[in-house]
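Sharing a structure with you now.
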Amino acid sequence: MDPEAFLDVANQVIKLKMFPFFDIAHSLLAALAVREDLGANAQAFSRKHPLACWLSTMLVIFAGGMVANGLLGEPILAPLKNTGQLLVGTAVWYIVFYTPFDIGYKVAKFLPVKIVASAMKEIYRAKKVYDGVGHAAKLYPNAWIIMIIIGTLKGNGAGFTKLIERLIRGAWTPTAMEFMQPSFYTKASLLASIIFVLDKKTDWISAPHALVYFGIVIFLVYFKLSSILLGIHDPFLPLENLCCAIFFGGIWDSLAKILGRGQAKDGDSKDVKKTN
Amino acid sequence: MDPEAFLDVANQVIKLKMFPFFDIAHSLLAALAVREDLGANAQAFSRKHPLACWLSTMLVIFAGGMVANGLLGEPILAPLKNTGQLLVGTAVWYIVFYTPFDIGYKVAKFLPVKIVASAMKEIYRAKKVYDGVGHAAKLYPNAWIIMIIIGTLKGNGAGFTKLIERLIRGAWTPTAMEFMQPSFYTKASLLASIIFVLDKKTDWISAPHALVYFGIVIFLVYFKLSSILLGIHDPFLPLENLCCAIFFGGIWDSLAKILGRGQAKDGDSKDVKKTN
Amino acid sequence: MDPEAFLDVANQVIKLKMFPFFDIAHSLLAALAVREDLGANAQAFSRKHPLACWLSTMLVIFAGGMVANGLLGEPILAPLKNTGQLLVGTAVWYIVFYTPFDIGYKVAKFLPVKIVASAMKEIYRAKKVYDGVGHAAKLYPNAWIIMIIIGTLKGNGAGFTKLIERLIRGAWTPTAMEFMQPSFYTKASLLASIIFVLDKKTDWISAPHALVYFGIVIFLVYFKLSSILLGIHDPFLPLENLCCAIFFGGIWDSLAKILGRGQAKDGDSKDVKKTN
């Protein structure tokens, strides 16, 4: 591909308008996630508790903005002032849960629809991470960690509000904490945030700005599609295991064990360094 | 009744001063609610944990303002700066929990006292919903949903902080989520918020502003007294069932069942559309 | 000791620079607290979940500032913008959890190290309470209760975030609520806050300002060392029991019992008025 043309595409991707099509895709996947989280009970629940159902879907849709606002001292409800997004979200929620004969849900679950929506959602995610990093950078120009946290939260807000979202529906699962077993989306958003921060604040990345953004979009879409089509769920795992072995005690634990001074109570320390 | 005189009364109701008598009534019912929530254990608990007892009572009293502030990016503690209300609340809490021979509690439980306090609290509730809608409208003039949410939260804040209030007292009841089984107060505050928003933002309601307000006060007081005296707990129920049947799948589910394509796993779908 | 020299020392204590040594001591005790809270499982956990481990340690280190900011409508993440503190905290966390052969942890647990760190932390605590009260006083010059709450939270923030900190690590212990059984640190921070507020807002305390501050530092350090070396855990207990007996029903309950009208269901009311 001609580099010039490639840069052109990148410049167009960075300027893509998100509303309404990307919002529809995002809302659709959010509503599906809520419905799947409810399990076999979903339909009965949606009939009995429409309010809780609607609220938890809205929380999933607006999670990133709400959590980021909450942590930055801005109004948590502010994302709801975007009436267009709210209406799109409500319409999609209604279609997924209440259409006659469940047609809406069945169409949404249809593989090609799901693939297109997922790809669009990843493009949206890149934009959210980018906006989150930019917003935090405006407030705290020197606090890299805040930029990275906000970028990650904007990228995968729903992962971090899962506990509250379930609580709205009367279920409490304290062990399903995102920090304990970060999902691929959290890790990818974290990586994207770090790259955007480096691109913004240092000279280490010499590529044009639009290319960096486009690269992250491609990375996110590529692994999302791999995950749906090929079942590859976490390409970060080998890297993490290596990192854990070097920095977080793996090698030293093994060494201590060989020297006969290993902590017996920790069991086989090789087994435990699996996930982040 | 002469319409002129009626409007006069309405205009006086809208200007009623809340402090200190309405605050006393509100605090009294809040302290009684905490004491009843503690059950048979209440007296022993209040002797053992005065701090937790005081804090959870204060949370109930100031719930609406705190939650609304939290969601609008304003200081959560700000409602406490009102020293008068705080002192009234503390005095009432002390009287309900610690008077010799439990005189305070017994007087507060005396039916006529409770009826007067309840009626006053409903007048207060109408004012809080009204103020909440007005405050949100000033911040987000076009975001109806935010006005409605804030109005509802101001009207029945204690319902939404119940989980936190119990947590302060070391009890955790995740299934007691207000959204799952909204109480009458939540539904009434929601309805009042919607009416206030319509009155403020559209021309659909042609009645004078004071009359709308007065109508809501009468509605709230009337159903509160019905609930205490006659045991009518939720006048919204028939409306909700109708609404669920039409919009949230009831009819279609029945139809699907008749056509022999009903979701067998949902059981008798008619049974489940009971509450919001 | 010469009063003049004493006042000189007091003036120097009030101007002590906290960064980096006091921050190191504070972070060290925070990381140790997290590690001890994890129990026998600590090492395996730190290998499996470095992210959750790091986050919960950071939450303990920055708890006071974050909670106070959250309640005052300021950005919760703002304390993280202090890059120096963040790096010190991360380095200390790494040393406590991941040094080869657990050298870091063993050194930190060594009694003299712990005593010095604890004494430094108490000096830091006094400063935090003082800053918290001052900050709240600037925002709400007349709201004593807000000053006291913020001072207490700044002084023992980690006590109040324990539930969230454990939740980050996937553990949920709703009964471990600080309000139910306030620790000595909470009570001491509360007392210090009250004294600072009185010193700031009234003329009741005639001693020079620096002396009041110095007195509180000595009080905190003295009882911390007593606690480590002599095992005295709560010097407030006798005072509390007295206070509970007089104000919170103790005497009246006993009287009611003697008169044969005691609440039988509360059992022996003398037994229950033990802790705040």
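Observations
Every chain is named by a letter (A, B and C) in the order it is written, and numbering of its residues begins at 1.
To be clear about the criterion, a residue touches a chain if its C-beta (ideal position, glycine included) is under 8 Å from a C-beta of that chain, and two chains touch if they have at least 3 such contacts.
Just so it is clear, the structure is predicted and the values come from calculations on it, not from any experiment.
For the self-contact between subunit B and subunit C, the two sides draw on mostly distinct residue numbers; the shared fraction is below half.
Taking only C-alpha atoms, you rotate subunit A by 120 degrees to land it on subunit B; that is to the nearest 5.
Centre-to-centre separation between subunit B and subunit C, using Cα means, comes to 36 Å. Multi-chain contact residues of subunit B, defined as those touching 2 or more other chains: 73, 172.
On the side of subunit C, the complex with subunit B involves touching residues 70-73, 139-140, 142-146, 149-150, 163, 172, 174-175, 177, 179-180, 182, 244, 247-250, 252-253, 255-256, 261, 263, 265-267, 269, 272-276.
If you check the complex, the residues on subunit B that touch subunit C are 40, 43-44, 46-52, 55, 69, 73-78, 80-81, 83, 86, 97-102, 167-172.
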